[in-house]
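Dropping a structure here in structure tokens format, bear with me for questions.
In order of appearance the chains are A, B, C and D, and numbering begins at 1 in each one.
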Amino acid sequence: MILLSALGHVLLLIGAIFLCISGLGILRMPDVWNRMHAGTKATTLGSIAFMLGLGLIRPEWLPKLLVIALFIVLTNPVSSHALARAVHGVPEEKPDNLQRDDLQEADS
Amino acid sequence: MNPDFLLGIASVAGVSMIIAAVRAIFVRDLLSAIILVGFVSLTASVLFFLMDAPDVAITEASIGAGISTVIFLWGRSKVREE
Amino acid sequence: MSLSLVLLLSSMGLLLTGLVGIMAKKHLLRIALAFTLASTGVNILLVWTGYLAGRKAPIIDASIEEIATVAVVDPVPQALVLTSIVIGVAVSALLVVVAVLTSRELGTADVRRMRNLKW
Amino acid sequence: MRTFIAFLLALYLVFFAAAAFESFGEPQGLGRIAEHYAAEGFEEVGAINLVTAVVVTYRGLDTLGEVSVLFTAASAVILLLSVFPLGKPANKPSSIVLLTMKVLPGPILLFGGYIIAHGHLTPGGGFPGGAVVASAALLVLLGCTQEVGFAKWLTFAESMAGFSFAMLGFWGLLKLGQFLNNSVLFLGIPGQLLSAGIIPLISAAIGVKVASELSGILVAYRCGGGKE
């Protein structure tokens, strides 16, 4: 029991570190694409680690927390995808060193 | 829960809420203002939960951060200015 | 600094910010945003009037050992605010629609540039 | 300068409010009405969640009025947008968003229904559940470019919910001589799902009404007003 609780606290710490790094990335990254990358991938992993850690500390909450984690896994990439599609239509956000743009050809 | 812990959470939430509200009023970009107002609603729902009002917290979180933000984003995309 | 004072000060600050925004801003959507801020502040203030420190949420289940009248916070302001939030979002939706239609009619959303309002 | 004057004026107004609060001070205990609700509400209406009990039965008449305020605002939005149409968006969502739109509204609707159905047991009830259901409708609306199928049922659902709310009130008036009396149905054992008289029914009516009005506003935003 104590082992599970200790593992849960370690997972909480990992989740907090990942969330902190993602916040730092949103602040520090140069353009929209990099910021979106930091704000989606690290946030998803951090949230899942948080939910799992909390579920190991309190085992009676584990089913609800797993459902929340599943929901985050389903929604977070899709929202990031929609955001990227929306930013793709903005001409000012196009990177300078873009070689080929498959999405442009697929749209037109 | 520990009263000092509650006081700390309430202080952080209240101060960040008021900073976000002031910035939402005075920031130039309208999109930033809308997102900051969504953040204010989220912290307000934290304050509602600290005041032992879980029903109000659920309502504020789902309406203030969800539907209200969408309404203002729609308004921003439809307002015509020369 | 007690918890109650912190909550009161933050609700008052939010209300103040919203009022300043309503009075000082010129863009119609920003006035609607400030209105939303002020209504959130008023909601926190209303829930604060029923908050009693050290008590529990008004849900009478097994976790409440004493008599309920000394164990729970006031449920009446919470019930009031519950309806007030939903009505507030409908009213701000109406405000946004009026702002959008006005800007389409007059060509601007800035209240200083709306010259032809005489009728 | 203008901001400073507005700040002074707002400060004056807020100090006025603070002075009014000073006169009766920080709350020390429950008020008389709230004391009655907290002491007797458990036996009288059989609901565990006192907030839902107050919203639905004790202050049910006020809630009927507030729901009609909501109806007025929503119908004003729909009327304005059907008189002055703004045009529809032309962007087509990608296939990933379309697939998510097919999968995700089911769980969100289930969660909203859970919040509505357990309103007398856990935090929740008609208003939060209706908002959650409306956000599921928002997800459906984000993924479509033309008319949505559920839009024509919104008016029907809204009016049926309002009608059943009023009829449940009149049932109490006819049977026990009191509008919205909770004892017309069996009270049951507090803590079970099927208990607390007509509170779950009225919660469901409020939930359907709030959900259909909020999603009616969103449909009007997306598609420019109703057909009629």
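Brief remarks follow.
The working rule: a contact is a pair of C-beta atoms (placed from the backbone, for glycine too) under 8 Å apart; a residue touches a chain by one contact, two chains touch by 3 or more.
Please read all numbers here as calculations on a predicted model, not as lab measurements.
When the C-beta pairs in contact are tallied for B-C and for B-D, the bigger tally goes to B-C. Centroids built from CA atoms put chain C at 10 Å from chain B.
Computed from the mean C-alpha positions, the centre of chain A lies at a distance of 21 Å from the centre of chain B. Chain A and chain C, compared by their mean Cα positions, are separated by 31 Å. For chain D, residues touching at least two other chains, in rising order: 49, 51, 86, 123, 125, 127-128, 131, 214, 217.
Counting only residues that touch two or more partner chains, chain B has 53-55, 59, 63, 67, 71, 74, 78. For chain C, the set of residues that touch two or more other chains comprises 20, 24, 51, 57-59, 72, 78, 82, 85-86, 89, 93, 97, 100, 104. If you check each pair of chains against the touch rule, the ones that pass are A-D, B-C, B-D, C-D. Partner chain B is touched in their complex by these residues of chain C: 1-3, 6-7, 9-11, 13-14, 17-18, 20-21, 24-25, 27-30, 32-34, 36-37, 40, 43-44, 47-48, 51, 53-59, 72-73, 78, 81-82, 85-86, 89, 92-93, 96-97, 99-100, 103-104, 107-110.
Residue ranges on chain B touching chain D, taken from their complex, read 53-55, 57-59, 62-63, 66-67, 70-71, 74, 78.
Only residues 2-3, 5-7, 9-11, 13-14, 17-18, 26-31, 33-35, 37-39, 41-42, 48-51, 53-55, 59, 62-63, 66-67, 69-70, 73-74, 76-77, 80-81, 84, 86, 122-123, 125, 127-128, 130-131, 191, 210, 213-214, 217 of chain D touch chain C when the two sit together in their complex. Of all residues in chain A, only 71, 74-75, 78, 81-82, 85 touch chain D in the complex they form. On the side of chain C, the complex with chain D involves touching residues 4, 12, 15-16, 19-20, 23-24, 45, 49-52, 57-61, 67-70, 72, 74-76, 78-79, 82-83, 85-87, 89-91, 93-94, 97-98, 100-101, 104.
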